[in-house]
Amino acid sequence: MIRILYFASLREAIGQSAEQLVLPPGVSSVGALYAHLAGRGGAWEALARFKNLRVAVNQKMADMDAAVRDGDEVAFFPPVTGG
Amino acid sequence: MIRILYFASLREAIGQSAEQLVLPPGVSSVGALYAHLAGRGGAWEALARFKNLRVAVNQKMADMDAAVRDGDEVAFFPPVTGG
Amino acid sequence: MSVSVQQQDFDVGAEIAALTAGRPQIGAVASFVGLVRDANDGAGVSRMELEHYPGMTEKALEDIVAEARTRWDIMDVRVIHRYGPLRPGERIVLVIVAGAHRGEAFAACEFIMDYLKTRAPFWKKEKTAAGERWVEAREADDEAVRRWSS
Amino acid sequence: MSVSVQQQDFDVGAEIAALTAGRPQIGAVASFVGLVRDANDGAGVSRMELEHYPGMTEKALEDIVAEARTRWDIMDVRVIHRYGPLRPGERIVLVIVAGAHRGEAFAACEFIMDYLKTRAPFWKKEKTAAGERWVEAREADDEAVRRWSS
């Protein structure tokens, strides 16, 4: 089981801020997880529509090659705009 | 008549902070005034001893070529160290 | 070092005083305060909502401060970033850097702000006359952070 | 723009609040506070006396601020510099620059401090265990100010 989080405009587009997911067979990287989620269609198509999407794994910035393992927290969000 | 000011370590070396002076004939620049004052000898020799002496004419930074006229305020001081 | 992510406002003078109290080795304090502006991208802004990623935000800010401390010889840092609803004129963020000399304090303070703008998970949503909109990331902020890599 | 040369202490938070009050176009406030350190050039400092050139000091600071305002698009500046006797830990100088964006506010604030250090007529005399001594001008301050000419 992994925990997936969505923030800001992506959260609004997908219509939820968090979900739990049993890692599907063969999904062991951020890129593979992203493809799996976007492939669900419906609201999750937002993932493909958003430019420059950022990812964090276990609350650290990561890239598409980063590993994803059972128990991880993976967050997707648009470029940050604080400060 | 001009007003001459000395500050900080130069003031201490000369032993006074201000003096009035009738501009001597031929003294029309900061450089000439400086030579005149240093030439007095005694405490005024400090003027020659101080390195990197700074000058202000009428409260604006100036250099040795700057003109000095009757009524001016001329200040000599070491490099500044505020802030 | 101390990082806070909070809804409530902060007192800049009190924070600087707390950071420097009893530490007379400190000669230089550079600080930055970011405020909500009443206009952005050509539209009036009447309100702002700052969303963040609780947990990651604090870690990201602490990592940025730790990085600044490896780059410059500074003595202490304080970062406060607010979230939640804010109005124009309200304070959003405070960065204070204390050190012996001003050059390093200034550089570290600006570095922390530049990294914070591109690495700390905060997102601004503005309310304008035309409705609500998420603030877009600025290319200028990416440029600002790239300077520090050269 | 406002420049003060005074003996009494100042309140950083109150000065920032006064500069930004009722001006929601301001998004960025960079500031600097200089403090008396308890050591300098390898000797403990127990007290400091700051001499200045009344009249010229204010003009020099106003000229420096005016120059900063021609170089950067900033909205307001506040400078306070103290003189007289000061003890370690006491505040000496405050520079606040307010603008729309942080890059210009930071640059102008550092510029003003660099120029102030080499152009404003203040002189520090320190009291150490070995007696009193006038602080020597630092080559690093001359270098800092030369940066802005390139």
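Read from first to last, the chains carry the letters A, B, C and D; within each, the first residue is number 1.
Convention: contacts are C-beta pairs under 8 Å (C-beta built on N, C-alpha and C of every residue); 3 or more make two chains touch, one makes a residue touch a chain.
Predicted, not measured: the structure shown is a model, and the values here were computed from it.
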Chains partitioned by contact, chain D not counted: A, C | B
Centre-of-Cα separation between chain B and chain A, whole angstrom: 72
Cα-centroid distance, chain A relative to chain C, in whole angstrom: 26
Cα-centroid distance, chain B relative to chain C, in whole angstrom: 48
Junction residues of chain A, two or more chains touched: 83
Numbers and ranges of chain D residues touching at least 2 other chains: 34, 102, 113
Interchain pairs in contact, sorted by label: A-C, B-D, C-D
Chain B to chain D touching residues, read off their complex: 5, 7-9, 52, 56, 59-61, 75, 77-83
Interface residues, chain D side, partner chain C - complex: 11-14, 16, 20, 22-39, 88-89, 100-103, 105-106, 109-110, 113, 140, 144
Footprint of chain A on chain C - complex, ascending: 34, 50-53, 55-56, 59-60, 81, 92-93, 113, 116-125, 134-138
